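The structure appears below as structure tokens.
Chains: A, B, C, D, E and F, in written order; residue numbering restarts at 1 for each.
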Amino acid sequence: MSIVVQNIERVDLGLIDALAQSGVATAHEAQRRTGLMAPYMRPIYSGARIAGNAVTVSLPPADNWMIHVAVEQCREGDILVVAPTSASDTGYLGDLLACSLAARGVRGLIIDGGVRDVRELTTMQFPVWSRAIYAQGTVKETLGSVNVPVVCAGALVRPGDAIIADDDGVCVVPRESAAEVVRQSQAREQKEAAVRARLKAGELGLDIYGMREKLAAKGLKYQ
Amino acid sequence: MSIVVQNIERVDLGLIDALAQSGVATAHEAQRRTGLMAPYMRPIYSGARIAGNAVTVSLPPADNWMIHVAVEQCREGDILVVAPTSASDTGYLGDLLACSLAARGVRGLIIDGGVRDVRELTTMQFPVWSRAIYAQGTVKETLGSVNVPVVCAGALVRPGDAIIADDDGVCVVPRESAAEVVRQSQAREQKEAAVRARLKAGELGLDIYGMREKLAAKGLKYQ
Amino acid sequence: MSIVVQNIERVDLGLIDALAQSGVATAHEAQRRTGLMAPYMRPIYSGARIAGNAVTVSLPPADNWMIHVAVEQCREGDILVVAPTSASDTGYLGDLLACSLAARGVRGLIIDGGVRDVRELTTMQFPVWSRAIYAQGTVKETLGSVNVPVVCAGALVRPGDAIIADDDGVCVVPRESAAEVVRQSQAREQKEAAVRARLKAGELGLDIYGMREKLAAKGLKYQ
Amino acid sequence: MSIVVQNIERVDLGLIDALAQSGVATAHEAQRRTGLMAPYMRPIYSGARIAGNAVTVSLPPADNWMIHVAVEQCREGDILVVAPTSASDTGYLGDLLACSLAARGVRGLIIDGGVRDVRELTTMQFPVWSRAIYAQGTVKETLGSVNVPVVCAGALVRPGDAIIADDDGVCVVPRESAAEVVRQSQAREQKEAAVRARLKAGELGLDIYGMREKLAAKGLKYQ
Amino acid sequence: MSIVVQNIERVDLGLIDALAQSGVATAHEAQRRTGLMAPYMRPIYSGARIAGNAVTVSLPPADNWMIHVAVEQCREGDILVVAPTSASDTGYLGDLLACSLAARGVRGLIIDGGVRDVRELTTMQFPVWSRAIYAQGTVKETLGSVNVPVVCAGALVRPGDAIIADDDGVCVVPRESAAEVVRQSQAREQKEAAVRARLKAGELGLDIYGMREKLAAKGLKYQ
Amino acid sequence: MSIVVQNIERVDLGLIDALAQSGVATAHEAQRRTGLMAPYMRPIYSGARIAGNAVTVSLPPADNWMIHVAVEQCREGDILVVAPTSASDTGYLGDLLACSLAARGVRGLIIDGGVRDVRELTTMQFPVWSRAIYAQGTVKETLGSVNVPVVCAGALVRPGDAIIADDDGVCVVPRESAAEVVRQSQAREQKEAAVRARLKAGELGLDIYGMREKLAAKGLKYQ
């Protein structure tokens, strides 16, 4: 049963942009250390930091037909999240599909598989996080689904969830908690800015966080 | 029985340069999706795109003696392809051997093993695709062969075959089909240029490639 | 029994700087091919080449409490070497701890685990060699030890040993042999400079190193 | 926010036993090729084939405290499914916890982490599917949750879903579709029994499935 | 261009049986340490030792249609060698296809991919060497070729080459050298039988092989 | 500088046998969770549980010459521990060397590399823990050392340290603490026997270990 769900709820783009501002590590902490994809998901070039609304694709290994179907469901501010039903390093997307996605305002691709034409993707600054870079082509023979819940690189992604991706990896923020995660992230950043200044001035975390007593109680000995 | 085959047939450098122009993904498609090395073969720096005639080396693990022998067999426009008889991450080549290869006009190294001095190799812009970066040195004790057929990172390479390498990986083009692959690649690029323009203008692959009917026939449902 | 050893002997910073000058591959050769960490230890950005005195940390997987303890033991010219008692990709260190280490003159981090905030670490040019990049946070619950001998990525590191790290990986130089390794490295570099000039001029290693006779004796045949 | 959900709905044990009868490959096909965990999940000994109701545990890496909490929530016919929040090969469970689980009628353990005492587990025939076998011990310091939805080895598992595990791996059957999957599996087995008999008698799949015409239409040539 | 080559030359079954007698390690040594597949190729159960004539299959990742085509090309004493054009752990073959192969006298399967129904395959004693065990099903949509040269797990296999497989892995013996390899293997076994008797009696390899002088000449020191 | 240290101190065989009795998991706990080799070290057959005195070998990758040298240094109750200076899956040892080791009373082999003839080794019940099984042969060209400290699979092993190996992996017990580890292990076993009986009778670890209060204090909620 292959379906395309057309009208999904999305996170407001103002919140999305605030999530991009915070980045993966902060948002992940702000939502109690949940939502990270596996560390094998790496960016094809460094320095990009994006957030967007997930349009999800579940497709068979080594078959990229459903990505063509998914493009039509994308709009400004989306991120395409592609999860093959079994792992394959095959290159599911190249510069042509990236052009098509960029033309619709898609901000990047998250794929638990391979990608190709990375030189061209880098030139056009279309960021991709993938498990592999591989030129191997796919077929277009078997259906999958668009905008159904998927598990991508170990994380559950539902259509319309917020995705954040940067050099630290990829994090999923459930749609309904996006506003709260933005609030927590910003609070966290403010607190960290104060600590950062003290650390740069030479103060120790041992003192700032008041750890010495607890360490001694656990039995730490100095020689 | 260790041998060095001295006079191998090569692909004309005009064709070689045309293959470099097309790149790995296009040439791989143009020869019916054959010839790719495994995706663990990664460039030591990004952005290089080369093609050349393969001078092949079969050598024992962790022994680089035969690379010294192979240098003498190289000429302008060659690429050295090194395949240990069993996998080892040892650093078979550093900046000295690279200087020697560059002095003979060799365009790069493909090695199913390790490489070292990558900072120096990057500075001198000598591109390498390898399975590892590792400073561990080799011995020079045991013979191998030069210019015999080898399997390198899962691909069969015969001496004088054309090699293309870029950020997408490494592809082998059999010597006798190089001209045909160039023709097919260029035809493919022209076709893609037209499609790319339409995709950038917002047309969908679903319409350009006429996929909607076939998708419906397979049973795809929209909700 | 968790301990912090406070007064360790270190290598003189003059020798340390000479080791940084030589780099990993040369120093590794100069000490008879010993001391390399495993090739999965990769820098978070390329181009850095550092040396320093090891302050070692042994800690439980996914718990970074002892890094806070270790910061206080660091001084100008140190490198922090962190070895979890079992492998975990968790991100043990981010930009706050890096600020604190940098404020004490620490030159970089070697960790057989994960690291996060790599965009910020790159901006502040605090180099890290790690087995993973991962935003996953740690707990602060269980003690470990500082400045005890550890095995990190397959190499034995004792507190106060010299560490060299660059794009080729990470090498440990035992404290007591640092002076000798500097001497051997510099001798090696001088010899290599002469060979490099001859190779660039087109001479062959086969002739420079006098290999032809030995190859023939082993039975190498030319066709 | 760490919680223990105490009253979960389960699949009827009659259906569970029917699923065990069918095995992983058949049930996976019967539910349209969904629900498989990653292939790195391997049994500690071969030959076991079990099914049960999932009691799920989400816990921090290298900390097995929540398994002790989960035992109390288990009953006859359950399977414990343990998903650390980041990967660790640490040995989360040994023969003592296995004795405790067996005493409550638990049929086996699925863990995206390590296990130890495998000789004793084999002797007592308590089957485990895990990503590693490793003697490294855990701490008991940090909370997690019991009977919340988890992603385990790439598959979404909700408390009370049915789990099937055998030498082919591990498959999750959503609680609400268990009855339908049993029906489909049994239908599939009957059909396969008939085909198996014909194949053993020497008939070809090409003929039984009527593939020859379609192959010719696709362009297959015989030489 | 998908083809099925129907009439291939095979190695005489008398030689094949002699190769099975020798096993992988001996035959590999007897043909100068060539022909081994990668060490990730493991048997689904231990103790099997087979040899046979290769019927080769090149097929797309996650598509097993061509295995059905290949069955018809098999005869008594063959081994099926399956090489996907890019790596996939998908389960290409289960007990139905194994029944069909066994009915034609096929001795086993070598597949650079996944296999399923391993409990049933073990019961019927149909041996398989594979890179993975995985229940994930395949499609039947895209053509490949039968009896063309393939690279399988890093080794070149031409149709009709001899394959040997046992607990040590898989070795390819080129058809034209099978007789010579049998001769060399048997000579090697006789020599080893004599050495084995002396070693069991307590003599040292150092003395039997006369290594002491060469070791001393290389500089080995005893303390 | 290649050396063979001939007279090493060993652990008394009575203690060694007591360590074998306890097994890896228990001894590892008894010495405060230290000394484990990496989990990729797996036995070639299951069920073996041995302990012995380490005779260590440091050798170049893919060269087994020093194993022949090491055999002479072995005596009743030893275990050979082999650590290549860089990783290689090559098969360093087969049944001939195993016969020689067994003839001297060696109880097994621990090798951070490959092994071959595993069917024969299984038949003669000579246990091996290795990172790979691979038929690929080695050369005998380059020296290494016997009975020097080595890092094997991430663990420091000094000659004469006690080694324990079973289905859970491999653990190193420093020579000077062997007696204490035996004492602690036996105490631990007695305590565990009592707990095991209570768990089998249906008591919960939550109650036996008194965890409920601490869990509540940390904030665990039941729904």
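Quick notes on this structure:
The criterion applied here is as follows: a residue touches a chain if its C-beta (ideal position, glycine included) is under 8 Å from a C-beta of that chain, and two chains touch if they have at least 3 such contacts.
Nothing here was measured: the structure is a model prediction, and the numbers come from that model.
Under the contact definition, chain A and chain E share the contacting chains B, D. Set side by side, the interfaces D-E and C-F show unequal numbers of C-beta pairs in contact, with more at D-E.
With centres defined as mean CA coordinates, chain D is found 42 Å away from chain C. Computed centre separation for the pair chain C/chain E is 41 angstrom, with centres defined by C-alpha atoms. Distance from the chain B centre to the chain C centre is 31 Å, each centre being the mean of its Cα atoms. In chain F, the positions touching at least two other chains are 1, 33, 36, 85-87, 89, 134, 136, 142. Two chains count as a pair here when they touch; such pairs are A-B, A-C, A-D, A-E, B-C, B-E, B-F, C-D, C-F, D-E, D-F, E-F.
Chain D contributes residues 23-25, 28-29, 33, 36, 39, 42, 46-47, 49, 166-169, 171, 192, 195-196, 199-202, 204-206, 209, 211, 215, 218-223 to its touches with chain E in the complex.
The touching residues of chain A, when paired with chain B in their complex, are 1-6, 45, 65, 68-69, 71-72, 89, 91, 94-97, 99-100, 102-104, 114, 116-119, 122, 132-137, 140, 142-143. Residues of chain B that touch chain E in their complex: 1, 32-34, 36, 38, 85-87, 149, 151, 154-156. Looking at the complex, you find that chain A touches chain E at residues 60-63, 85-90, 134, 136, 139, 141-142.
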